[in-house]
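So that you can tell them apart, the chains are marked A, B, C and D in the order they are listed, and the count of residues begins at 1 in each.
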Amino acid sequence: MFPILSAVLATLLVGTVLTFLSGKSARWVALATSFVFLAEVAYLLLQFPGWAGFAGGVPQFADGESYAWIHLGWLQVNYTLGIDGISLVLLVLTAILQLATVVYSWGETKKPAAWFGLLLLTCLGCVGVFVALDVLLFFLFWEAVLVPMFFIIGYWGGPRRRYAAIKFFVYTHVASIVMLVGLLALVFYSHATSFDYASVYAAAPSLSVVTQAFLFLSLFFGFGVKFPIVPFHTWLPDAHVEAPTGGSVLLAGLLLKLGGYGLIRWAVFVLPNGFHEVQPVLFVVAFASIAWGSVVSLAQRDLKRMVAFSSINHMGIVLLAIAVGSSLGLLAAVLLMFAHGIVSALLFMSSGSVHHTFGTRDIASVGGITPRTPVLATMIMIGSLASLGLPWLISFPAEFTALLATWDRLAYWVLLPLGILVVTAAFYIWMMQRMLFGPEKGIPESAHDLPAYETVGMGILAAAAIVFGVLPFLLVNLITASPIRVFPGV
Amino acid sequence: MDAFLLLDQWAFLIPLLMVVSFALVGLFGTRLRALEWGGWAAVGIGGIAMVLGVGIAIGEMLHPGTYVNAQYTWLHLAGTPGPFPEGISLVAGTLVDPLSALMLLVVTVVGFLVLLYSIGYMHHDRGLPRYYAELSLFLAAMTGLVLSNNLLEFFLFWELVGVCSYFLIGFYYEKPSAASAAKEAFLVTRIGDVLFLLGIFIYFFHFATTGPSGGWAANGFVFAHGTSPFLPTGSVGSSTLLTIAGLMILGGAAGKSAQFPLHVWLPDAMEGPTTVSALIHAATMVAAGVYLLAVTSVFIGFTATDQLAIVAVGGFTTFFAATMAVVHPDIKRVIAYSTISQLGYMVMAVGAGFAMVGLFHLFTHAFFKALLFLAAGSVIHALGTQDLFKMGGLRKPMRVTGTAFAIGGLALAGIPPFAGFWSKDDILGSMYGELGSHPLYWPFWILALLAVFLTAYYIFRAWFLAFGGNGPRDPTLPPAHEGSWVMQVPLVILSGMAVFGGLLIFVPGFQGLLLYGAGASGIPPVYGPTDLALSGISVTLGAAGIGVAYWLWGNGRIFVLPESSPLQPVRRLLLNRYYLKAAYDWVGARAVYGIARGADFVDRYVIDGTVHGFERAFGAASDRLRRGQTGVVSDYAAYVIAGLLGVFVLLLLVAPYLLAHLGGT
Amino acid sequence: MTTLPESGFLLLSGLLLGVGVFGLLTRRNFILVLIALEIAMNATILNFVYFAAFAPHAAGLSGQAIAVVLIGFAATEVAVGLAIVLGLNRLKGTIDVAQGNLLKE
Amino acid sequence: MVAFSSFVGPFVPELLLLGGMLLVLLLDVLGVRRNETLATVALTALALAFLSILGDLGFAPLGVLATVGPGALNVAPAAGAAPLYHLTSFGLIFQAIFLVAALLVVLASSSRPSGERGAPIFYGLLLLATVGMLLVAVASDLIFLLLAVEVVGVPSYLLVAYRRGEARSMEAAMKFFIVGALSTVLSFYGASLLFGAYGSTNLFVIHAAAASVGTPVLVLVGYGFLLAGLAFKVTLVPFHAWAVDVYDGAPTDVTAFLAGGTKKIGLFAFFLVFLGPVLLVHPATAGASPFGGGPLDLGPTLSIALGVIAVLTMTVGNLLALLQKEMKRMLAYSSISQAGYMLIGVTIGTAPALTGATLQILAHVLMKGGAFLVVAGVAGLGIGPLIDDWKGLGVRRPLLGAAFALMLLSLAGVPLTIGFVSKFVLFSSAVQAQGWFIWLAVAGLLNSALSVFYYARVLKVMYFDRTDPIAAIEAPPASGLGAGGLGYGRAAAIGLAAVLIVGIGLYPQPILGAIQSAAQHFLLTGV
C-alpha cells in the first residue's frame, strides 16, 4: 500500500528545504506546506480504520511501514512507522498548531526563510516522534527536535536568549541521554529480537519486575524532564520566557507533549509491571508539579512566565492521569495533552501580542486594555477561561475525566488537584482583572489592536478550543481507538 | 391538552433560542445603527422563550408529576476494564418535571421582564450589545441548567451561568470595584464548584452500576427513567461516602446560593447593573443552588446527616444575613443581604425534605425580589446614587416605584395575602412538623423565625429612608422622575405577581405541581390549627418589624445609635460584615499570595540555583585541571611517568581487588 | 611471583631505565635530555640481549637482531632530536626545554 | 609472478606512497615548488593507494585493482609460524580510514598559498608518515608494530616543525619529541619484558602463550609499559598533556593530520596488543592474585584497567574543553575525550564493540579532521584564534558555518550524523555486553551530554552573538583564493567530510556491515 506516513514526513522535509531556499517568499512556502500537511492528516483521519486490537499479544497499528535500516545481527534497527488513535490525535494537534503558528508569525522579518524553515523542522521532528515505532527512530526524532528549537530560541529569542537556548539544549539532552540508556537496556536485557516496538513490547515481560521498575524510572526521568516535572522543570520558564512567540507555541504545544506521548507509548504500555512498582513515585511527582506549577504562577508578574508555570501545572495533571494507570486515566491524559496544546499555544500567542502591542508583559504595569484592543482581550479571555478548566472549552472534559479517574484510584487525594483548580482560577482571573479590566494604564499611544494575521492565527486556536470543548467526543472516540481502550490498569 | 406534553419534547428550543439571540446580538449588535435594536431583538426572542416556558409549565400543571425526558446520546464508550464495566455513555437531554417546570416559569418570565426593563434602564450605555449578548447567554445557560436531565449536563450549565454572572458583575469593567467584585464572585463560587465536582465523582462511581438497564453510568447518569427517578428511592441509605457526597453538593449550592460561609461575594456582586442584580443575583442564578439541592434530594437523596447540615447552614444563614441587612446604608446591598437570607429559608426547607416547599418560596421570592431590585433600580436610575441616607421623600415623584417597592416589602415581610407570606409560612410550618422527629432542627427553626422580624424591619427601614419623609436629604441630587414605560410595565406585572403569586397555591393545577414529590405534608389548604398559630406568630413578628422600622425611621426620622450605646460594637461588627470579608481578603491577598512569593523565590534560587551549582562545579573542576597544563614539557613527562605508575597500580592492585571481591565481569 | 634466576639483570635494566627517566625529568638542557633518552633506550636493548640468552624459552638470535635494529633506530631518533635542538636554538637562542611555554592551558 | 604478488602485493599501497614521496622530493630538487603540483602528486599517490586497498577489500567495481588474491585476507598462519605482517580485512579497512585522513588533509592543503617554504617537505613527510600508518595496520609482530609506529612518529615530529620560522611550532615539536621519545622507550621496554616472558615478540605467539601460560607479574608489568607507551599516541589521560600544546602549536593542517590520522594508529596498536589477551576467557593457571581471590586473570584485569582509563580520559578531556577560550585547543581537548570513547571498544573486546569503536574512529577522522581544516581555512580569512572571534560567522558564511556546525553536532552525538551512529553502536554494544560494561555506556553518554555544553557554546557564538562586521570577511579575502577565500581544494575537502558525515549518519549499514564482518575475523586471533 501507499506509504502515507513516509509521505507525510517527506512533505514536511521537502517543505522545510524549500522554505530555507525560498528567501523572501518563505512564508508562502511554509503556508503551503502546512496546508498540504493538514490535508494529509485529514486523509489519515478519513481512512483510519480504527484500532485493530492485539495480534500475538502485540498492539496493532494502522498505515504501518517497515524497512530494514541497520542490521548487524545483534543490532536490528528498522525504519518502522505506524499510527493508532493516540498518535493520530497528536498529529491533528501538530497540524493545527503548525498552521496557526505559521499564520501568526506571518509578519516575521528577521531571516524569515530560516525562521519558517525551523518551524517546519520542529514540527517534522514531533511528527516523527508520534509515528516512529522503532527505538532508534523514535530517539532520533526525539533528539532531532532539540536542534531547530535551540536555534529558534537562540536566534529569535529575548534578551537572555543565548543562556536560555544552551540551558534548554543541555538540560533536555541530558534527560534524553538517561532515557536512551533505559531504552537500550530495555532492548538488550530483554533480548528483544529487534529495535521494533513490537518485538520490544513482546520481549519486555520477560524482564524481572525489579529490572522493569528501574527501566521505567530511567524512561520516566527522560520523558519527565520534557513534561516537565518538578523539580526538573527550571529549563522551562527560561526557555519559554526567552523564546520568540512561535517558539514558545511549539515548545508548549508540541514539545511538552512528546514527553507524555513517550511515557504512555514506551513506558506505560511496555513496562506495566515496572510501572506498578514505581506508581507512588509518579503520584508524588505529579502532585508536586500540579501544586508547584500553580502556586508559583500566582506569584509571576510576567504574563509569559505565568503561562509557562501554568503549563507545569497542567502537564502535572497529565502525569497524574497517566499515573492513575487506568483506561480512563490514559484517555484523560491524551485528551488533556491535546487540550493543553491548543490552549497554551493560544495563551503564548496572546502574551506575545501583548508584548509587542504594549512593549511589556508585566501584568501589573498594563491595565484596562479591553477598550483599546478588544480582539486581543477576547483572545486572552478565551485562553484563560479555557486554561482554568471552564466547561464548554476544551480543557474541561479532559480535566474532568482526569480527576474522575484520580478519584477512582486515590479517593480523597483528588482534593489536592481539585483545590489547586481554585488557585489556577485565581491567577488567571486576577490577571484578567489587572490587565483587561480597570482603568486604562500603561498603554502607549501607538497601541492598536492585532494585525489580521495574528487574529487569524489565534482565531484558529480559539475556534479549536471551543469546537472541541463543545464536542470533545470527536477526540475521545479517536483516542480510544488504541490500546488505551483495553488497558487493564495497574 | 396533550399539545402541552408535545411542547415538552421541544423544551430544548428555549435555551437554543437564547443562544441564537446571543449570537445575533453578540455578532451584529454593534452593527445595528440604534443600539436598542439589538435589545429589542433579545426582548423579542426572550418573549418567545417565555411563551414556551409558560406553556410547558401549564402543561406540567395539567398533568402533575409527569416526566418528559428527551435526550440523545453524545458519547458511548463500550465497557472498559475498571470502574465502568457496563461502559459509559454521556447524554444531552431535557427533562420536564414539576421541579424544572416551576423553575422554567420563573426564569423565563422574570428573564423576559428584565430584558424589557433593561431597554429603558440601559439605553444610555454604549455597551448595550455586549449587555444583551451576555444576558441572552445567561438565560440560555440558566434554562439549560433547569432543563438538564443529568448531573454532568447540569454542571456544564452551572459553570456557564457562573461565567455569565462573572462578566455581568464586571459589566462596568473600567470601575476597579466592579472588576474586583467580579473576580471575587468567580473565585468564591469556584470553591463551591470544586466541591460540587467531587460530589459528582462520588455519585458517578458509587451508583455506576445501580439502577435499571445496565446501571447509571451506561445510561448517562440521567435523573429520571420513565416516570420515576432513575435511582431507586432510598438507595442512599446512610453510607459515610454518600454523606460526604451530599456535603459536597451542599458546598456547591452554598457557593452559588451565597450561603454561609461562601456568601461574601453576593453583596459585592451588586457592582453589576441593577437589572443584572434583579435577574441573576436575586431571582434565578443564586436560586440555582437551591434548585441543585432540590434536584439532588428528589433524584438521588440525602442522608440524615446531610439534611441536618443543610438545615443548619440554611437556618443560620437566614438569620446571619438578615442581621447585616439591618444596618447597611446601601439600598441595593440591603436587598442583597435579604436575598441571602431568603435563600437560607429555601435551603433549610429543601434540607428538611420539602423540596417543593422550598421551590415555592423560590418562586414567590423570585418575583417580589426582582420587583424590589427593579424598583430600587428605577430609584438609582433617577438619582444616580445608592445611598439610602441621601434619598428621601421619593414616594411623591415616583409613585409607581414607591408602591412597587412597598408591595415587594410587604411580600418579603410575609404579610398576608402577599406572596411571601404563603411560601415562608409554608416553610416554617412544614419544618415545625419535623421538629418532633428531628429535635436538632430546633435552634435553626428559631433563628429562621427571628429572621422574620429582622426582615420586616430592614426592608421597611429602607422604604422609609428612600420614600418616606419629604424631599431628599442630599440637595445636590437631581430631581427624581419615573422611568419610561418599559421600566414601569415590568414593575406593574411583578407587583401583580408579588400580590397574587402566593394565592396560586389555591389553584388546583399549581397545587398539583407543589404536591409533587417529598414533603407533600403541610402544603395548603391542609391548614391545621398549629399552622394557623404559627402564621399568627410569624405575621405578628413581621408586623412588629414594620412597626419598629416606622418608629425609628418613619416620616423622615433618622435614628442615630448613641455613641455610648452598648450596641455600638455590634453595629460596627455588622457594618464590617462580621469581618469575614476582611478575613477572606487577608487569606487571599496575604497568606496565599505570600506562599506563592515564597515558592517563587525557592524556585528561582533553590531549585534553579542547584542547576547553576552544577554549572559552577564543573567550571571549577575544569579550571583546576587546566592549571595542570603548565606548558612545561618536563611536567608532561612527569605526568606520563605518574600515569605509568598508576597503570601498575591498576593492573596489580585495583583490578585484582575488584575481580576478587566484585566478581569482575 | 615468578622469579627469573638472574633477576639481578632485570634490576640492572630497570635501574638504567630509572636513571634515564630521572634525567629526562630533571635536566633542562635539551642535549642532556637526549642523552637521558639514550640511557633509557639502552635499558631496553640490554633487556633484549639478555632475554635472548636466558629467557625460559630460548628464542635464538631474534633478541640480538632486535637489539641491533633498536640501536639503529635510537640513532635516527637522536638525529631528529638534534635537528629540533638546532631549530630551537636558532629561533630562541636557548635549548632550555623549560623555557618553552608559549603554549599552555 | 605468484611469488611476486605474494611478496610485493600486500605492500603496493605503501610502495605507491613511497614513490609519491620520492617524486615530491625529486621535484623539490628540480626546483618545482608550485604547491598545486606537489599536492597533485601526493593526491594521486594517495588516491591510487586508496583505490588499490578498496580493491583488496573486494569492492566489486574495483576488484581488478586487487593486488592480493581475495583468498589472501584473514588467513591465520600455520601454527608456530611467526609472520611479521598479517593481512586482515580489518587492517585494510583501517588503512582505508588512514588514507581518507591523509587525502582530506592533502586535498585541503592543495589550496595553500604557493611558493611557501618547506611545502615539499610537508608533502614528503606526510606521505612517509602515511606509509607508517599503513604498515601499522598490517603488523603482526610487536617490534614491527612499534617500529611502524615510529615511522609515523618521527616524521610527524618534523611535520609539526616544518615551518621553521615559527617559535610556537618549534616549541610544539620540542614537546612532541620529548614526550614521544619517552613513550617510545616505555613501549619498547614493555615489548622487551613480554619478549622475556614469552620468548617471542610475535603477536600470534604471545596471544597463544598468554592463553596457556597464565599471568606472571612480569607479563602484567610488560603490558603496563606497553599501555603507557601507546597511550601517548592515543592521548589517553594522563598521557595526553602534550597533545593540546602540539595541536595548538602545529600548523593547523598538520594538526588535522595528527588529530584525524596519526592518533588512530595508536588505537589500532591497542587492538593488536590488547584485544588478544582481553579476549582470553580461560582462568589463568599461575600467579594467584595478591588478594587471594582466585587466579589473576589477564583478560579481565587488562579490561578493567582500560575501562578506568577510558572513563578518566573522556571525563577529563571534556572538563578541560569546557571553559576553553581558543578554538584549536577546545577541539584538541575534545579529541582527547573522543579517544576515551574509542577505548571502550578495546575494553569490551566484542565484535559489536570493535565495530562501534572503528566507526567512531572513522567518524572522528571526518569530524575532527574536517573541523581542523575549517579552522585552518577560517584562520586564512584573518579571523583570530579565540572562539569569540568567530562571532556571527554562521550567519555571514552560511555554508561554511553550516559545515562546521554539522561537525560540532556530530561530535556532540546529535542524531542524523555519523557521530551519533558511532556512539550509538558503541554504547549499544556496551549495554549488550551487560555486566559492568553498561557503566561504560552510562559514563560515555553522560560525558557526551557534558560535551554538548561547549559545542553548543561555539554554535551560540557563531549564530547568536551580535556581530561587529569583520572587514576580513566582508572584503575580498587576502589570500585571493577561490571559494570565498578558502580555496577550492579546502572547500572540497570540507564539503566531502560534511557529506560523508551526513551520508553515513543516514545510512551506515554498508560500512557497519563491512566493519563488523572484518572485526569478527580479526577477533578470531586478535591480530
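Everything that follows uses one rule, which is that contacts are C-beta pairs under 8 Å (C-beta built on N, C-alpha and C of every residue); 3 or more make two chains touch, one makes a residue touch a chain.
Remember, it's a predicted structure, so these values are computed and weren't measured experimentally.
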If each step moves to a chain the current one touches, what is the fewest number of steps from chain C to chain D? 1
Which chain would you call central, comparing Cα centres to the global Cα centre? A
Counting C-beta pairs in contact for A-B and for B-C, the higher total belongs to A-B
Determine the centre-to-centre distance between chain A and chain B, using the mean Cα coordinates as centres, and give it in whole Å. 36
Taking each chain's centre as its mean C-alpha position, how far apart are chain A and chain C in Å? 65
Per the centroid of Cα atoms for each chain, what is the distance between chain B and chain C, given in Å? 96
When centres are defined as mean Cα positions, the distance from chain A to chain D in whole Å is 43
Any chance you could list the residues of chain D touching two or more other chains? 174-175, 178, 182, 217, 244-245, 453
Which residues belonging to chain B are in contact with no fewer than two other chains? 626, 629, 631, 633, 637
Per the touch rule above, enumerate the chain pairs that touch, sorted by label. A-B, A-D, B-C, B-D, C-D
Per the touch rule above, chain A residues touching chain D in the complex are 68-75, 136, 139-141, 143-144, 146-147, 150-151, 154-155, 161-162, 165-166, 169-170, 173-174, 177-178, 180-181, 184-185, 187-189
Could you pull out which chain B residues touch chain C in their complex? 626-627, 629-634, 637-638, 641
In the complex formed with chain A, which residues of chain D make contact? 352, 355, 409, 414-416, 420-421, 424-425, 427-429, 431-432, 434, 438, 441-442, 445-446, 448-449, 452-453, 456-457, 459-460, 463-465, 507-509, 512-513, 516
Spell out the residues on chain B that touch chain D in their complex, using ranges where they run on. 618-619, 621-623, 625-626, 628-629, 631, 633, 635-637, 639-640, 642-644, 646-648, 650-662, 664-665
In their shared complex, chain B is touched by residues of chain C numbered 21, 24-26, 28, 97-98, 100-105
